[in-house]
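Both of the next two complexes hold chain A, though its partner changes from chain B to chain C.
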Partner chain A sequence: MLQEESDLSLVIAQIVQKLKGSNLYAQLERQAWASLQRPEIKLESLKEDIKEFFKISGWEKKLQNAVYSELSVFPLPSHPAAPPEHLKEPLVYMRKAQGSWEKRILKSLNSMCTELSIPLARKRPVGEQKELLNKWNEMGTDEPDLSLFRPVYAPKDFLEVLINLRNPNYENGDSLSFRTHLGLIQVPLKVKDIPELKEFFVELGLTTGQLGIDDSTQVPPELFENEHVRIGQKVLAEQDSAAAQQYIRQGSPTALRAELWALILNISSQPEDILYYEQLKTNVIQHDLLVDSLIYKDVKLTASNDDYYFVFEDYLYQVLLCFSRDTSVLGHFAYNSASPPKSYIRGKLGLEEYAVFYPPNGVIPFHGFSMYVAPLCFLYHEPSKLYQIFREMYVRFFFRLHSISSHPSGIVSLCLLFETLLQTYLPQLFYHLREIGAQPLRISFKWMVRAFSGYLATDQLLLLWDRILGYNSLEILADCPKSIVP
Partner chain B sequence: MSRVSVPCHVKGTVALQVGDVRTSQGRPGVLVIDVTFPSVAPFELQEIMFKNYYTAFLSIRVRQHTSPHTPAKWVTCLRDYCLMPDPHSEEGAQEYVSLFKHQSPSMTFPKWLSHPVPCEQPAPLIEGLPDPSRVSSEVQQMWALTEMIRASHTSTRIGRFDVDGCYDLNLLSYT
Partner chain C sequence: MILEKDPKPWNQNYKGHGLSKGKEREQRASIRFKTTLVNTLMDVLRHRPGWVEVKECQEASGPRVADTPVVQREPKGSRQPGFVEGDWDFYWCDVSWLRENFDHTYMDEHVRISHFRNHYELTRKNYMVKNLKRFRKQLEREAGKLEAAKCDFFPKTFEMPCEYHLFVEEFRKNPGITWIMKPVARSQGKGIFLFRRLKDIMDWRKGTAGKKLTSSEAQPARSAVNPPGGHDARSSEDQKDEIPVENYVAQRYIENPYLIGGRKFDLRVYVLVMSYIPLRAWLYRDGFARFSNTRFTLSSIDDQYVHLTNVAVQKTSPDYHPKKGCKWMIQRFRQYLASKHGPEAVETLFSDMDNIFIRSLQSVQKVIISDKHCFELYGYDILIDQDLKPWLLEVNASPSLTASSQEDYELKTCLLEDTLHVVDMEARLTGREKRVGGFDLMWNDGPVSREEGAPDLSGMGNFVTNTHLGCVNDRKKQLRQLFRSLQSQKKASS
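Up next, the complex of A and B:
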């Protein structure tokens, strides 16, 4: 078979393999068996009749959404000779930089552990478990002494690492030339130029209606808003993920946003999902992790102090503490340049059968991490659904904002894209800021790392995150600061 | 189809440069790598596989012996095949690459096709979608193979992070 066809077959085989272990597969099997009772299913044309039944009953659409979701999240199968680390990050020097950064984080966490004489993890005594269960819905009222804990790192520490990234094969030269990059990022990643951005974000052009602009009070709703809402309702009725993703590029009406995001992220709260969340809650009750204190501290320092989000403090604990225990998150490390930290059961150092990941989900929160969850609290009030949405947003998008990779949506590319755009659009401003020692990236970096959460008003933030979902890319974050900086 | 890798000897790179290498300031933009095949038995070359390291364009020339009487001839199999769309950026810089024999426009390599194959442009996806039932039967063949390999492997996680109920840990390890 031709190369393109064998590539396609490989993609199909990979997706089928992934879906085989999913709830949807079990449901489809059950539905197929149950459909045999139906009069229209005939033995001679069994395969075709069942396929027709799936189409009419909406199960084919669910399968379509699941396949679309897999295609959006997982990278295409790479060359057969490429080892797994190549899939995580193809450039060797970036992998090394990520490895060194991770080692620094681990050392920091270990030293916090030894200094404070607090174990990484411990089983809670029964009394403490009961107490926590009782105040599960109001953990915010707790005021533990967190003065000795410090965040493992802050965005500005991470920025220093990115600034020092160098490609050993790239010679900048000492003399300034037209090729010298005047910004802080010194690695030659490919970023989209303005014609490419215009093409990529074509729905954001001046001639296309946008929510957030064309639905303001001065604009009569008949011009754009009414029709856009009507189309949104139709998309939801069809339950089509791909259509929803296309639709949301022009922004989502507030009333439809929660459902649209769930459709795009392919989240439907099944009983199994609620059970899974309850299991995670049990894990939180049973084991206390050092990481929990980091989460408490982060929430107290950031979201609790924010005018928009302080009301959601309890939700944030309920989501983030469970998130740390969720081993299904480990799956995303296949395409994340980062790797989960490892540890051994006490007394069994070096024995592989006693090796575990810490925290169970492999993600160590940094200062501001809870702000990824906070805006979602405006959309979802049921804890297990809120949890699912956040988890999916993290493994699709947010992880790229705090790991070193060459991916076009990775934070390094976003920084370079921002600096390049600013130099192109506002060269005098860029040059002036550089001259006074205020490199623009130092100002905008923390906005991008947090995906603007806490830096934009919530309604604007949600419109921005609409576009992240719509374009399946974080590049919009690099485009945004350019409008704010002047 | 059974494929085996052919033992070959890859020599060090030689820069193509005008003038004296030692005194010249400029960096050569073209390097040559010689690959020889020590085995004498003839074989049919299907695929050349390698990992790129910042090479933008690749040309492959082959020296073939058509008959014992005529001297060996150099033939270009591939000219300026693009590995990096933008040589000044990282795209494609460290990728794994496979070159297949059907990509070579005019080969007269001894054991390859006897007539030249026209260079194929990859068809745009909209026009070139393969027949679904044919693809599905090919997938089933591949499926049988992967199923054999992954007989006991399930892709769903069981969800336990502890070992026999214990999650009492040492410090984090650095390896």
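Up next, the complex of A and C:
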């Protein structure tokens, strides 16, 4: 009991600390000062009156949403004496594997750099800046010569690394038993089994209505759809993040989805946010990064060739180029097993004072990265809002899909979960695929790494991502391929 | 029992078997079809159980198809002098054949052909405008201004050169707006150009005043696509010297099109008309949005690639990647709009489009020769503006049936299969169906209601038309159920 209480107070302290530096805090303070003018605020009961005022005016709800947002992202409570690496990743062998994978990526990037003799970053001449500013809304028309650039890595390279992951403390033994895991992933991580999944995903049960199934043409809308839409509108009117997250587990109506996601991710387009985005845009205009060419190449190779997303090509550049300049993204490395690569000013290699993170947001894009953004273009059309939503989705969910960690939503656990489910419940299929040399994970890995973007029709994909937001977990991605593979 | 077969994937070859199945069938032992088109249509016709391809004999035109099964010629009675005997039951013809041969081809009662004799009343831009204007006047007389305003889905258009003076009047009333000049009889974006100054067309006009349209169409092989930046009066004069003079229409260019991803697009929708008197029209649930490959901006009216979204023109744009195809299925488009504007706005837009289809057909109803042998599959081109108002660009009597991608191939083969189901050469339908595969009966001598069993009354507050454009197209399932129930009905009655 005492331990729980002290854990809780630790968590509270950390959240308060985090929120104190946020814009919301400044706004609340301003509101509190302004409210002193109001007649109902009396000096004797100042604290209660202001609290009451916050409740009525909706500010308490905003604070609640902010706290809920922090809780969703906050890593699991750990021992107060745990070093920061443990927050990133508690298992040593995982950390080591991630470290060596990062080294490989950097080596690949550096060698491309020297081969093409292109600097990692350079300042654009004024003429070029002007040109880019004019073309900002149609960067897709630009056709730079990208033939010499290659993506730094592709999902299949990453899969090879995961296959070779081993826990040095775990002795498998050579004898085969019915417990032997026949899949590619050979690390002993705890993943949920079907009864646990059933409990976790209780709202996806057969007896509960679902959008995407129970709103099809044969089912009369009175049975489920109408009521569900009505509740959705109510949730939006209340502006309650937690309620929205619960609601969306059954899927979101098309017309409400954009607002619901913004509510769950606690994104509201404040003038400061728009200004911040404009600042990032200025950074893009002033400096050219090598990573930009990688982004261009990726968009041209993937999203531009997609039947659904080719239309949004220009938005993708506007989001991804700004994303790579956004240093606020560095914050997520506190709970990401990955670490941002460092670059040293010429001639000062190894001297920490001359180190900068490269790219500024610490994220090196890989082949298919732009597909994380593409489906969002369906919902958000204003660039700064689209940007915020994507950034939040990335630092909450997508980063786990390409870093090595033991987190239950990390890609390693997802792969293991997928293979375990398949082996347990469709053993003949699993065995057959293994015999013909087509390990099922090799097929489904790329689907999971991209969170199915580009592999599922957009309406299906958005319903799937509804559930990711609703359950605050990526485990649904491992469950999905089980029904597709057969 | 005839089972429905799915068309094979487009990279396989399947030979039609031409077996006759029908002792139990009252009608033909086999249905002999003829067509000069290949790709999707040929695939669909060859796969149809009981359909046999006719070899090209009498006509000199048309290629010989090497592996066509030999035609079965049924002995006929005495031949009518001067008439060419049709040795087919079904002909998907092209419009030039129709123009030359329709009037002296004898057709038995059961025979079907894929065009109406004077379809150009609807599909030629100048005739369509004339018919629509006349219809609108009539509506205004009979039902008032409000009703007539429902015909305002066509941008202001003037026939050239005969309405040149009217056009100049309108032009002067609205200085600075953009106009588009389109040849009346060409397709695929050929010969179209944009202009803002009278000077651009004055020279063109000097050369064409008084010349009438010749009876032959402009050669389709000539492409009038100029290299970017080459549109001025001079280049249109060059064209003039080499080809017969034809009529144009000058139309107000829609300057505020709805954009997705900064790109302009238009919608292709399919309407099947089985007869004009009475008017019976079906609307297909699938269709697509065709995107321009470049971003929309009014400052580049010389850039033909931006403004003309026909796939044929897009294919010549330097940005074009053949893999893309620049198309969205209309379901995708409908969903996108719903997530942006809400379901009610989308309902309004789609019912405005229904209005376009019906009224355009009504405007030519009395003019088109309604022959019971004829049916026609039209391709409607619709443009949406930023206020979500749909505009009719044109109606095509021979919409392209070539597939630009696998998705496109499936759409077109299903469309054609369902067309043949509705035409019903096999005499399976009862005539009371409101839906056949992906086709919904939109107009049956009056509006058709979505509700089952409800009387087809118009003017009622809660009347919902039986159209499902952009909705789920579960045609396979529907066809299975339909034919199963038809089969059991037949058994019960025999």
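Just so we're on the same page, the second predicted complex is superposed on the first by the 480 of 486 C-alpha atoms of A that agree within 3 Å, B and C clash if a C-alpha of one lies under 4 Å from a C-alpha of the other, contacts with A are read in each partner's own complex, and residues count from 1 in each chain.
In the analysis below, contacts are C-beta pairs under 8 Å (C-beta built on N, C-alpha and C of every residue); 3 or more make two chains touch, one makes a residue touch a chain.
Note that the coordinates shown come from a computational prediction; the quantities given were computed from them, not determined experimentally.
**Q** With the two complexes superposed on chain A, say which partner A:Ala258 touches: chain B (first), chain C (second), both, or neither.
**A** In the superposition, A:Ala258 contacts chain C only.
**Q** For A:Gln270 in the superposed arrangement: first (chain B), second (chain C), both or neither?
**A** neither
**Q** Once the shared chain is lined up, is A:Lys18 touching chain B (first), chain C (second), both, or neither of them?
**A** Only chain B is touched by A:Lys18; chain C is not.
**Q** In the overlay, work out which of chain B or chain C sits against more residues of chain A.
**A** Touched residues of chain A are more numerous for B.
**Q** Report for A:Ser57: first if it touches chain B alone, second if chain C alone, otherwise both or neither.
**A** Neither partner.
**Q** Let me test your reading of the model: by the given contact rule, A:Gln460 touches which partner, first (chain B), second (chain C), both or neither?
**A** neither
**Q** If you stack the two complexes on chain A, which partner ends up touching A:Leu91: first (chain B), second (chain C), both, or neither?
**A** first
**Q** Between chain B (first) and chain C (second), which, if any, makes contact with A:Leu8: first, second, both or neither?
**A** A:Leu8: touches chain B, not chain C.
**Q** Which residues of chain C touch chain A once you look at their complex with the stated criterion?
**A** 260-263, 291, 294-295, 319, 321, 323-328, 332, 335-336, 338-340, 342-343, 405, 407, 471-472, 474
**Q** Which residues of chain B touch chain A in their complex?
**A** Within the complex, chain B touches chain A at residues 49, 51, 53-54, 86, 88-91, 93-98, 100, 122-123, 128, 130, 135, 138-139, 142-143, 146, 150, 154-157, 159-163, 166-175.
**Q** So in the complex, which bits of chain A are touching chain B?
**A** Listed in rising order, the residues are 1, 3-6, 8-10, 12-13, 16-18, 20-22, 78-79, 81-82, 86, 90-92, 103, 106-107, 109-110, 113-114, 119-123, 167, 169, 179, 187-190, 276, 279, 283, 287, 325, 327-328, 330-331, 341-347, 349, 353-354, 356-358, 360, 406.
**Q** In their complex, what parts of chain A are in touch with chain C?
**A** Per the stated touch rule, the residues are 137-138, 140-141, 143, 216-217, 254-255, 257-258, 304-305, 307-308, 310-315, 377-379, 381, 458-459.
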